[in-house]
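Reading through the structure tokens given below for one structure.
For reference, chains read A, B, C and D in written order, and residue numbers begin at 1 within each chain.
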Amino acid sequence: MENLGRIGFSEEQADLLEVAESFCRERSPVERVRALIRDSLGHDPAVWQEMAELGWLGIAIPEAYGGVGLGLAEVVPVVEQMGRRLMAGPFVSTTLAGQALLAGGTEAQKAAWLPRLAEGMPATLALMEADGNWDLEAVTATAEGGATLSLSGQKLFVENAATAGLVIASVFHDGAPALVLIETEALPDGALRRETVIDETRRSFELTLDGISVPSSQLLDTGKARAALSHIHLAANLLATAEMTGCTQACIDYTIDYLNTRKQFGKLIGSYQALKHPSVDAYVTYEQARSHLYSAAHSFTEQGTGEVATRMAKTAADKALSFAADRAIQFHGGFGFTYDCDAHLYRRRAIWHASQHGDAAWHKRKLAQMLL
Amino acid sequence: MSEVNEKELAEFAAEADAWFAENVDPDPGFMLPLTFMEVGTDQQFDFLRQWQNKVWEAGYLGAAWPREYGGGGLPEAFQRAATKAMRKHNGPIMLNAIGLNWTGPLLLDIGSEAHKAKYLKGILSAEDIWCQGFSEPEHGSDLGNAQTRAVREGEEYVVNGSKIWTTQGNYAKYMILLARTDPDAPRKYDGLSFFLAPMQIPGVETHPIRKLTGEYGFTQTFFTDARIPADGLIGAEGEGWKVAMRTLEYERGARGGQPGGYVITERDAFDVLDLARRMMRGGEPLMEDPVMQDRLMDFIIEIQANRLCQERQKVAPLTSDRPMGLALSSKLMSTELVRRLNEFAVTLTGPRAGYYVGDENAVDEGIWARGYLNAFSATIGGGTSQIQHNIIGEHVLGLPKS
Amino acid sequence: MENLGRIGFSEEQADLLEVAESFCRERSPVERVRALIRDSLGHDPAVWQEMAELGWLGIAIPEAYGGVGLGLAEVVPVVEQMGRRLMAGPFVSTTLAGQALLAGGTEAQKAAWLPRLAEGMPATLALMEADGNWDLEAVTATAEGGATLSLSGQKLFVENAATAGLVIASVFHDGAPALVLIETEALPDGALRRETVIDETRRSFELTLDGISVPSSQLLDTGKARAALSHIHLAANLLATAEMTGCTQACIDYTIDYLNTRKQFGKLIGSYQALKHPSVDAYVTYEQARSHLYSAAHSFTEQGTGEVATRMAKTAADKALSFAADRAIQFHGGFGFTYDCDAHLYRRRAIWHASQHGDAAWHKRKLAQMLL
Amino acid sequence: MSEVNEKELAEFAAEADAWFAENVDPDPGFMLPLTFMEVGTDQQFDFLRQWQNKVWEAGYLGAAWPREYGGGGLPEAFQRAATKAMRKHNGPIMLNAIGLNWTGPLLLDIGSEAHKAKYLKGILSAEDIWCQGFSEPEHGSDLGNAQTRAVREGEEYVVNGSKIWTTQGNYAKYMILLARTDPDAPRKYDGLSFFLAPMQIPGVETHPIRKLTGEYGFTQTFFTDARIPADGLIGAEGEGWKVAMRTLEYERGARGGQPGGYVITERDAFDVLDLARRMMRGGEPLMEDPVMQDRLMDFIIEIQANRLCQERQKVAPLTSDRPMGLALSSKLMSTELVRRLNEFAVTLTGPRAGYYVGDENAVDEGIWARGYLNAFSATIGGGTSQIQHNIIGEHVLGLPKS
């Protein structure tokens, strides 16, 4: 329990943070975010193309597979800035699909798919099921057969599935959890149902696996499946934490702006301690969460420490964003109760992220098992 | 009102129980709003208007209001029995909340005979829907600073300005309206007057407001040279602030006079308990998690506390130190609890908290997240929780003004 | 789970509340409280005598045994007002000893001792042991032998033992927990050691049972021992809750007075929302606790409901007093950090009561077992 | 200062480690104070003064201060290594806190050559104990309103008034003193001046203050026509407020310049963890209780957050949005955490939380309850947590003044 994670920040992280800050600010003003909510695709393909050209889709992919050869630590500042601008799109799901291939794919699979992801083919993961278990090894969907595998089961919260060229699904196969590649071209009609999710900036789908067959070559390395699932779980939490942290910052800034503009009883409402002091609490909690985020990013690849730092970071981010966004609605008063106020966008996102890949109580329990 | 005849009361209670058992439709085929502020569709409105009318006709709403105004003329205990039966059988809410709980008690208290005769029965029957026009877009919590103007011209006032958060504004026949009749009064509060104003007249327009839930339920009301009759003035000209404050006391529960029923059905600890029992976490029943149990107990203890505080209000020797304390605290206590309880319930649903109203996989059709978001209407409306803290601090604890 | 307790308030409760309010206010001004802290006895025998004359020591003792014939519900308002004035003395321990006799004593024991308690003989209970278990059945002290019982073991937190004529101790006897009467006259030298406790208004002792022998007639009815221990546990919590509730009220009043007197930056500090709003929170939490207290008092004798209401009340009182007293120190600023400020008296008492007879977490766990 | 030579640094660190391993006495035979504000007995004072002197003489305090003033003239990294070794071996605190962390950095920053030559070495050696005279009995948080008067007479100022919360006031040779030199200044802040004032002169009296713990550690200081030399003025007459604010920034951690060591040893999560491991509840090890585990994890996560925030302050690209944010928040974050952590630790001790310092049955000699009560000195002193909220709200978030 000596090392719970430390702050470290590379030059590459600093550069990416700076570039991503201006890119996301310019490409994703809130009017655009709101327009994309009403759009069925939900993100801007031109912006996606730009990201590919910036090399962002390959940040954590080795150069041998067409990537930049850095790690998730360098993806974090990019995702943080996306979260800050409520930016929509398949960046995170594609990055995680790449991680799944890296952690669990065969050499052939990596060579075949990673370059395509780095070039801009969206991809996603299909992990969750109806019983709502955050433990990714608790899989009930199945892949049965020999040379050809017949899939069955339901997968929930498959983000960006309609856009993705590739879905990597967890299945139970041969007495153990496994991962399987599904090309979305091969999906039968009706396999995808768009879900109505709390965070309207996202596109999420229910995927019915029944009736889908894939050649057994699309099974990821079964010997690495458990390790890959564990890696995916932590990587998903790391990137969710990055999104949440950026989102918290924006939520606080947005609220502070209002407190500095709106008057009641003849005074700017930000002069009232009833609003000022909880805003300070939100801010301090945000700074704590951000410190955890960059500790998790820096320590992510260290055995043990990475898991500890990541689970702590997700817990801290959940606390920070939930509190900041809850108070954002309240402190905007009547306006906060309207759809026009952005406060609910942050609050909805907070609920989304808290609910995916383990909430604070879940991570604390896992941490207690590791540390106490 | 007469003395309570225990035997008659028991019979009345039994009849009410049977009536609600018979008449509450457990599934009207669409989602009913949980509060009067969430009436978002005509289908909901029509259903609830008929339901209120039916309850009133059966004698289970306004049972303690005077007979001559459409009430039952019975002691309060009878209405309490009816309301209890309504609650027991999960009856839908009473629709005409502003009329029932604000306008009605106010008129019974200080209205003229003509006002009572004209308005009370329509309030009970839900024929005349009421709304409230206090808040303005620029002065949310600062009611005393209302700028909507009402200028007297003969037997009318000409109204110009805008009100916001008008619940059921698009359905209402009348509004209780706070408007400025004297912009030059030395104290801003002295320039206000209080009106019973018609809504369905030229110069009054309502625009629906989209709520943070994505749904509707409130309007913004615009007045453009709207002419309202001068006999709708309640209290003298310039006394509007006093009347409005009195009205808010009905809302805050600091005065009686309500006709019964309820206008909000809250999910309580038992609903949350039921939810927790149905959830799993990591393959185990969530209810077996001691951390969850501990948090649930906090909520159950707090809910029980609020219930007991309501009871204790009636016991004078137990409220003598700060006689208005419980009454003035009840809005803060209950609305903040509802917000936190719904927030907690959302977390209980685990991964499926990602779903929202409208998804087939949403737990309980998504009511928990929606309920949480809607809960802000009560922590913001009718004086924000921050304002409530000021009120309690100043009027109960005697602290100086901020 | 239908009935978790209800408010009810008898005329006797109302009368006692009124009398106790003025009695405790007059007899226990804070200067007196502070003088008694420095006094080795720790309470005023003259006031004790007055209480006996008022009949308070027999409130919950049946008339047949020289008492008033009411119940603990009527003791509650008296103890609440004592708590409000930080009044010291053996009232609660004597009342609880009476309850132990009523719940577990033989007819002869009740006839012999209850009238003496009602007349003003202080008494106390010896329950806790070094392992710190709030479960009163977990006894390790022993009583062995036939006609004469040899006692052994250590008892902690024996309140008012130096004043008491009678100690009722829990012991393990004949394979089960039991209760035994010990006349303090019979205590060997050195059996009592005065403890240094956090609440300096109290007098508490460690009692060494080794070397003490009592005739077996001083064993309470062994068939009733478990029920008696359970009753004592709940009664002790009920009366602790009453003390805590009164104490919370006083703590809030004391703080409000300061906020209405002290100026900083040219304004009364009570006008700052940073102090005003948390004071309101403390007040509201106090009112909730008081409602629970009078529900517990009213429902105490109802099987099941009494236990639920009492455990809830103790939990609510712990929360209210701990918060109010913590904020009382803070809000008194520099003065709050001095011994001269009363805030620490309340805070110390809060810690004392939270630690005795089960804290909030303990009671919530018991409630969860009953209700969930 | 020279570049860091990594090899020399490693050698220095190893030597420091060995030195503290050798010289820290794990049991001096009496209870040492955890913070410089808790020095309540002469025995404690004498021990700590000798200890600081010894550490300084060994070169492990002020290693980065200039050689000419008693420092080691080494790069900062050397002192950090020494402090780390001190902490690792649980060395007692550095006694002369005000001198080391307030006066010293101030003089190094803006003191005259004469001041530096006269005072700095005595600060490091603990020969000259310093105290601080900012707060006054009637104006706790309102430093700008200080009323202690200093009137110039020739080469002296005549001081009258009273200061409170003077830590080690009864031992101090010098005080940093904020006094009013111009009562008629239009802005109250402009009438203040800042002095290095001798304490052991006629007209200065100190009275011990009994703390809420029952112990001592602070004094109130009374000035009655006390004559202090005019060359102790720091900054110009009337600039005292600016100098005092600068001094507070050293305390709030917003500026560097400290000579190393620590003046507070805080119980941290690991101590609390260790405590939890030793406790039982209901016959079971307390650490097996999931509710306790959940709360412990909250604390561990928060403590780690604060530690990481300290580290992150040094990473410019990660603090660019609100550059002063972390520095100005650190006092609030750390002091409130200490209060809550000690409060939690008290609850961990179960029934034995009833015992206090001095009872043989008290868990860990009662340090948890005492630590909790003492924690208020930091949430109140040096600007209350409420004032800290204002500072952060206004200076970091840019909100308007309250």
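Couple of notes before you dig in:
Rule of thumb we're sticking to: a residue touches a chain if its C-beta (ideal position, glycine included) is under 8 Å from a C-beta of that chain, and two chains touch if they have at least 3 such contacts.
This one's a predicted model, so the numbers in the text were calculated from it and none came from an experiment.
Interface comparison, A-B versus A-C: the pair with the greater number of contacting C-beta pairs is A-B.
With chains reduced to the mean position of their C-alpha atoms, the one farthest from chain A is C.
Once the centre of each chain is set as its mean CA position, chain A and chain C turn out to be 53 Å apart.
Inter-chain spacing, taken between the CA centroids of chain A and chain B, is 40 Å.
Here the spacing of chain B and chain C, counted between their Cα centres, is 42 Å. Residue positions of chain B touching 2 or more other chains: 289-291, 294, 386, 389-390, 402. Counting only residues that touch two or more partner chains, chain A has 272-274, 277, 361, 365.
Residues 289-291, 294 of chain D are the ones that touch chain B when the two sit in their complex. Chain A meets chain C in the complex at residues 272-274, 277.
For chain D in complex with chain C, the touching residues are 135, 137, 139-142, 145, 164-165, 209-214, 279-283, 289, 291-292, 343, 346-347, 349-359, 361-362, 369, 373, 376-377, 379-381, 384-386, 389-390, 402. In the complex of the two chains, the chain A residues touching chain D come out as 1, 4-7, 9, 13-14, 17-18, 249, 252, 256, 259-260, 267-268, 270-273, 276-277, 279-281, 283-284, 287-292, 294-295, 312, 315-316, 361, 364-365, 367-368, 371-372. Partner chain A is touched in their complex by these residues of chain D: 270, 273, 287, 290, 293-294, 296-298, 300-302, 304-306, 308-309, 311-312, 315, 317-318, 321, 325-326, 329, 332-333, 386, 389-390, 392-393, 396-402.
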